[in-house]
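Written below as C-alpha cells is the structure these notes are about.
In this document, chain identifiers A, B, C, D and E correspond to the written order of the chains, with residue numbering beginning at 1 in each.
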Amino acid sequence: MFLEIVDVFISGLINGSVYALMAVGLTLVYGVTKAFNFAYGSFYNLGGYFAWLLLIPLTVVGGYYSVFFLAVPFFFIVGYLLEKVLIAPLRKYDDWEMKVMMLTLGLSLFMDFGYQSVFGPRIKSLPSIIDGTVEIGKVVLFQQDIVIFILSVSGMLCFGWVLNNTRTGMAVQAVAQNPAGAQIVGIPKDFIFAATFAISTIMVGFGGILLCQKNFVDPMGSTDIMIKAWVITAFGGMGSIRGSLYAAFILGMLEAFVGWYFGMIHVQIATLTLLLVTLAIRPQGLMGRE
Amino acid sequence: MKKTGFLAVVCAIVMLSGVSGYSADTIKVGVPLAETGAYAGSGDNYWKGIDMAINEINKGGGLLGKQLEVVRFDSQEFAPEVVMQGANYLCGKMKVASVHAGWAGWGQDIRAYGKYDAPFFCDDGAMPAVDVYKSNPEKYSNTYFITDTGGDQANSMFSMLTALPYEYPNKKIVIINTDDAWGMEVGDTLSKRFKKIGWKVAKRETVPYGTNEWGPILTKIRRINPAIIHIEIPSSQEVITFFRQFIKQPTNSILSYGWSITPLEVLTTLGKDADGIVGEMPAGMPAPKAPNSKSQAWVDQYMSIYKHPVPAGSWIAYTSVMAWADAVKAVGDEYDFKAVNKHLKEAGYEGLQGRIKFGENNTLHAQPAAPIVHYQVQDGKLVALFTDPPLKPYGDYKFQVPRWIKK
Amino acid sequence: MLKVDGLTKKFGELVAVNSLNFEVKEGQIYGIAGPNGAGKSTVYNLITGNYRYEGRIEFDGQDITGLPPYRIAKKGIARTFQVPEIFPSLNVQETIRVGSRFGARGGLDKKHSDEVLNFVGLEEERLQHAGLLNLLGKKKLMVGAALATKPKILMLDEPMAGSNAGEIADLMDLIKKINQQLGITVIIIEHFMKVLTELTETLLIIESGRMICCDRPEIVTSDPRVIESYLGDSYAEDK
Amino acid sequence: MLKINKLNTYYGESHILKDVSLSVGQGQVVIMLGPNGHGKSTLLKSICGLVEKIDGRILYDGQEIAGLPSEKIVNLGVTYIAENRELFPYMTVKENLKLGAYARSARASEKKNMAWVASLFPKLMQRHNQMASTMSGGEAKMLAIARGLMSDADLLCIDEPALGLQPSYRVEISKIIREISKQGKTVFIVEQNIPQLIEMADKIYIMEEGAISFEGKKEDALNNEQLREIFLGL
Amino acid sequence: MSLKRMVVILVGFYCLMGVMPLFFGGTDYIMNILIMILIWAVVASCWDVIMGFAGIFSFGQVAFYVVGAYASAILSVSLHVPPVYAILLAAVITGLFGVLVGLPCLKLAGPYVALVTFAVHMTLVPFLRGPMGRAIGSGGAQGILTVPPVSLFGMTFSSEHLVPFFYLTLFLTIICTIILVLVIKSYWGTAFLALKDSENFAASLGISAFKYKLMVFGLTSFITGLFGALYAHYVGMLSTRMLSMDVFTILMIMIVIGGIGKYPGVVVGAVITVTLNQFLAPMGMYRPLIMGAIVVVLVLFLRDGLVNPIIRLISSRQKAGRTGEYLS
C-alpha cells in the first residue's frame, strides 16, 4: 500500500511538472498584458510541429539540441509578431480584453485547422529525447519524465529568478503592476508587452516540444492543452507565476490520487469542481491579487 | 437596413442554391466522414477504401456508363446537428445515389439518413445504433451496418482469448474502456463473459478520451498482476501511451487491445516494441498473407497507393462501395432505391473473401467472407492468428508468448 | 434628518474614518471640509452604502446602516461625485429620467423630470449626449439626475472643483435654490472656504478621519486647530 | 530648456489643450496654476510622451520631443511625477526607487542618486523594505517624487505635488522642491493653490479651459486681485 | 439604434423568413438552415443582450443552451413529460441555472466573469459524459438518441415535418424577439446602459446592479434554454459534442459580425454565419480555417461588426444622433 501511494505521488509530481510547463506562459502573459490568449494551445502544438518538421522531414543535424536552439529565435519572432500585429491594435478599444479573447479564439481555430490542412489530421510522434528507466528501490521512473520534471521546475525557478533579480525582469513586473507608472519611469511598455508575449511563446513552444515528444503532436490536442493551462492559471490566480506553480502540482496530485482511488473518469469533474468552487469563493484564485 | 437584411437573406439563398450544379452524366456518391477533429484518423481509413473503389469503377468505364462523382461532407465529431446537415446536404440537396460513411456516430446518423431512401452504409458497430434501426426497421431499411456490433465483437474476443494456446497463471482480468457507447459495450460484454467462466474482473476502469497519464491505473494493475489486460479505446494516443508506461514495469499479463490495435499509428509508432500485443479487426483482411490471390492483389495495390498496411475499415468500406455498385448494375437504375436495396439485401455481394450477406438488423455479422480477424503483433506487423466465425487458426501463424511475461 | 454615530472605516491598516459623530438637521446646508485624504469622500461612500463599516447611520428616523446603495438612494438620499460620473451613452433627458424612474418615489414622472431639467438649466441641451457636455454641464447633469430622484437630502462632493469664479457663483446660486425653493437638505464637501462660509450653517472639519471641530463657519474658521491643521499658516497670516 | 509652441492635444473627440505656448528656462521653477480638469495634467503628460494624440512643437534643449515615445523622453532627461503617484504597488520602496533609474541615461548615476534621495527623504529610507501599497498618501507622494529624482532628469514635471496632503507634508515638499532647484534642476510644477510653492516660482502660468490665460512673474500674479481670489486661494 | 428602425428591421426580417417556406418548403436542406438561423438568431441575441447591453462578459451561453436541451430531453425521455411541458420546464430550469451561475458573477469584474462562466461550460462536458450525468439520464458519451418530437393540437413538429416546425420556431422566435426588444428599449435597457457606463452613479440613482444583472442572467438563460429545448426536440438527439469549441466559436462569429451591443445586428450576423457555415461545410477542414480567419479579420478591422457599417452606409443621410426615445 505504501509503495502504491509513493507511486501515485510520483505520478502526481510528474503530472504537476507537465502542467506547470503548460501553464506558465499563459499566466505570464495574462499577468503582464492582461490579455487572455485563447490560442495558447495552438502555440503549444506549433512547438510540436516545429520539432517534428526539423527532426523527421528535415532531419536536422544535432537532433534536439538544434531544435531547442532554433526554437528560441523562432518562437520569439512568432510571439512578438503576434502581439504587435494582432493584439496591440486592439488595445485602443475599451472592451479590448473581450476582443482579445475573441480574436485569439478565432486564431486558434485558424491555426488548428491550418495544421490539419498542412500536416494532415493524423497524430505525429517525435523521437524521444532520452529513453530508458531508472530504478530507485521498487520504484521505476522514466528518464524522460525525470528530464521533463527537472527542466520544467528548474525552468520555472530560473524564470522566477530572472523576474525578480534582473532589471528587465523588474521592468516586466513593473508593467504588470502599473503600466502607466512603468511608462513614467521610462520602461518601453509596448516593447515589454510584445516581449512578454514572445517569452511566453518561447515557453509554450518549449513545453510543446517536450510534451509532444513524450506524447504526440495531435492537431486537435490544442483545446485540451488550452483548457488545462487555463484551469491551472485560473486556479492559481491569474497572473501569479508562483500561484500557477502551486496550482499545477495541486492539480497534478489531485488527478493522480482521484484517478487512483476513484477512477480516471472522475478526474476531470473533480478538477473542474475544484476550480469552480475556488472561483466562487476566491475569484482571484489561490495567489491572485484583486 | 431592411435592405441589408433582405440582401443578406438573398445572398444566403443564392449561395445555398448556387452550388448544386446538377449534371445527369455522373452518379453522385455521398461520403460523409470525419475529416477534422478527433475521429479524422478513422475517417481517413474509410476514405482510402472508398476512394480506391470509386477510382477502380471509374477506370473501368464507370457505372451504367456514367462516371461516379464523390460529394464529400465533413461530419466533424458527429454533433447531431452536423450529422443531420450532412444528410440534408447529401441526400436532400445533392441527391446522391448512395452514402458511404464510416464510423458516423452512435445512431444519430441512422435517424438522419433514414429520412431518405438512398442506401446508407455505416460502421457504427455499436448497439445503440442498431437499437435506433430496430425502433423502425421499415423506415431505416436503407441502412447497412458494415461491421458487427461491439457486443458480438467482444464475444469473439472472449472466444479468442480463451482459445489462445497459453496457460493463464491466474483468473484475473483488468478491463479498461472508454466512456463512449462502443467502449462500454465491449467492456460490459467481456466482463460478463469472463465472470461466467469463473474469472475475476479485478478492475474495470472507464476512462475519458485524452487519458495519457496512466500512472495511477498501472499502480493498481501491478498490485493485481492480472492474467489479461484488455484495453478498448478506439484512439491511438491513449493505447500507445498506455503501452509505453506499462512496459517500463510490466506484469505477467497478456495485453489484449481489441479494436484498439487497428489505428494506423499504433504500429507505426510502437513498431517492434508492440510485439506480443493481441487485437482484432472486424470485417478484416487477414495478414500478412491474404487468404487468396485476389485479396492479395488488392492488398498489394492498396499498399502501393498508400504506402502503409491496410488499416481497419479500408477494406470493408471498399467492399461496400463495390457491393452497392454491383446492385446498381443489376438493377440498372441508380435511383431505383427500392430495387437496389432489395438486391443488396437478397443477393449480397461476391467480395474478395467470398459472398457477403447482410443479416439480421441489416448488419454485416461476422461471416467467413467478412471475418473478425484476431491478430498478434509480431516483428512489428499484424499477424492473423484466428479468423472468426468459425473461430479457427489462420494459416501457419503461431501465437508467441509476449517477451515481458516471465515464466 | 441624518444622524451618524460612531462611524469607523478601516482599509487594511489605514483608518480612513475614525469614530465620527455628526447630525444634519432638516433644511440645513451642512458643510464638510478637511484636507484631501482626510476621509470626506469616504464618509459619503459610507453613508450611501458603498462599503461596509462600523457604526450606525440613521436617516429620517430609520436605521439605514448596511443597506446597499440603491436602497439608500430610494430612501431619499441623493449624491453627486467629485469626478463627474455620467452615462456617456445616454443623453441629458434620458439621464434625468433614469433618476426619476428609479429614484425615491419610483415610477417615471415626466413632468417632474422636465421641471428638473429647467431647474438646473439644461433644457437647451436636453437631447445632447451626456458625454459631450462640458465640465459644468456634467456637474449640473449630475445634480439634475440626483434631484430627479426626489431626494430629501442631497450630498454634493466638491461641486466647485475645477470651476472658475463665474461658474462658482452660478453653482452657489443653484445650491441655494435647491435648499430654499425645493426645501432639500444639502450636505456639501468643499475646499473653497469662501463657498462654505457663505453657504453653510454648520461646518464640520475632519482630518485623518477624525472630527476636529464642528460649528458655525465663522467660529470654525477662527479655530486655531483648524487653521493649523487645514487652512495652514498663510491663511492665518492673511487674516 | 523647454519651449512649447502651439500645442494641441486631444482625448478621443474632445480637444483638451488649445494652442498652448510656453517656455521654461534652465534652472527655473515654473508653476502652472488653474482649476482642476482644465488640462494642466494633460499638458505635463503631453510633454512626457504619455498622450497619444498631440499636435504642435515641444522643444527640449532645442530638440523636438513631441510625439517621441515616453521612454525616449525619459532618456533625454525629462521626468514626469504623477499626481496619483503611479507607484508599483507590490514592490518595496527600494525596488520602486531602483526602477526609477530604469532609463539608460540614469543607470550610471544610480548609486549617486540613491544617496542623494536618501539624504532628502530620510524617513522613506527607514522603511525601504515596505510595500508601496501599504504606504499612506503623503509617504507615497514622497516616494513618487523620490522615484522621479532617481531618473537623473534635468527637467522635472511635477503634477500637483501637494494635492491633498496635510500641511506638514506640504511644507516638507516645498522644502524638497527648493532643494531640487538648488541642485540646478529645472522644475515645472502644476498646482492648484499652494502658497509656499508660489513663493519660489520664477514664473507663473495660469491655464483655463485648455488655454493659457495668464503668464507672468509671481509678483504680477499676486497683485492681480482677481487671480488672487480665484486661483491663489488667498 | 432607434426603436423604429429596430422594429422595421426585425419585422422585415421575420416577414421575409415567414414567406421562405413558400419557396423552399420542399427542400429539407434549406428548411433546416432556415430553422437553425431562427434558433441561433435568438440564442445569439440573448448573448448580445447580456454581453453588449448589460456589459457582462458571460461565456456561458452555449452552456445554457445545452442545459436547456438536456433538461428537456431528460424530462421527456426519462420522466415521460409531454414535450411541450418539458420545453417550458427546461426553460425555467435553465433560467434558474442562469441565476445560480449569475450569483457569484455579480461580484466579479469583467474577465473573471468570463472565466467563471466558461468554467461552467467546461464542467458540463465531463458532468454529462460521466457517471453523474448517466445517473440523471444524460446517456453519457453516447447522448440521448430518442428525444420525442413536439406534439401540439394533434400536430407533430419535428425534423420530419420541417414546415410546421419552422412556423413553430418562427412563432417562438417572434415572441422572444419582442421580449428582448421590450427589454432593450424599456427602462430595463436603460438601466443596463447606466450600469455599464457607471455603476456608482447608477446605484446612487436607485438602480440595483444586483437585481438587474441577476434578472438579465435569468431572462437570457430562460430564453436560451427554451431554444435549446426546442432544438433538442427538433433534432431528436443530443450529445456533448454540442459543447465543442466549434459551436462556441460559431455563436461568437455571429456576434462579431453583427457587432457587440448593436442589436439587431446580431440577427443578421446569425443569418450570415449559419449560411456561411453551411456553404463552407463541403470544404471539410477549410471551413473552420476560414471561419477562424474571419473572426481574426473582423475583430481586428471592424470594431462594430460587419452589419453596422453597412447600415450606416445605407442610411448615411440620417445623422447618427439618437433621439430620446428611451423611457418616452
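Note that a contact is a pair of C-beta atoms (placed from the backbone, for glycine too) under 8 Å apart; a residue touches a chain by one contact, two chains touch by 3 or more.
Just so you know, these numbers come straight off a predicted model, no measurement behind them.
Between subunit B and subunit D, the least number of touch steps comes to 2. Considering every other chain in turn, the ones in contact with both subunit A and subunit E prove to be B. Farthest chain from subunit D (centres taken as the mean of C-alpha atoms): B.
Here the two chains linked by the largest count of contacting C-beta pairs are B-E. Put simply, the C-alpha centre of subunit B and that of subunit C have 76 angstrom between them. Taking each chain's centre as the mean of its C-alpha atoms, subunit B lies 37 Å from subunit E.
The distance from the centre of subunit A to the centre of subunit C, each centre being the mean of the chain's C-alpha atoms, comes to 51 Å. Residues of subunit A in contact with at least two other chains: 113, 116, 121, 265, 268.
Residues of subunit E found to touch two or more other chains are 126, 130, 246, 285, 287-288.
This structure has the following touching chain pairs: A-B, A-D, A-E, B-E, C-D, C-E. For subunit D in complex with subunit A, the residues that touch the partner chain are 48, 50, 69-71, 73-75, 79-82, 85-91, 95, 98-100, 102-103, 106, 147-148, 151. Taken together, the subunit E residues at the contact with subunit B in this complex read 5, 8-9, 12-13, 16-17, 20, 24, 27-30, 32-33, 36, 126, 129-130, 140-143, 145-146, 159-160, 231, 235-239, 241-242, 244, 246-247, 267-268, 271-272, 275-276, 278-279, 281-285, 287-288, 307, 310-311, 314-315. Partner subunit E is touched in their complex by these residues of subunit C: 48, 50, 68-71, 73-74, 78-79, 81, 85-91, 93-94, 97-99, 101-104, 108, 126-127, 129, 142, 145-146, 148-149. Considering their complex, residues 51, 57, 104, 107-108, 110-112, 114-116, 118-120, 122-123, 125-127, 130-132, 245-246, 248-249, 252-253, 256, 260, 285-289, 291-296, 299-300, 303 of subunit E touch subunit A. Against subunit D, in their complex, subunit A makes its touches with residues 167, 170-171, 173-174, 177-178, 180-190, 289.
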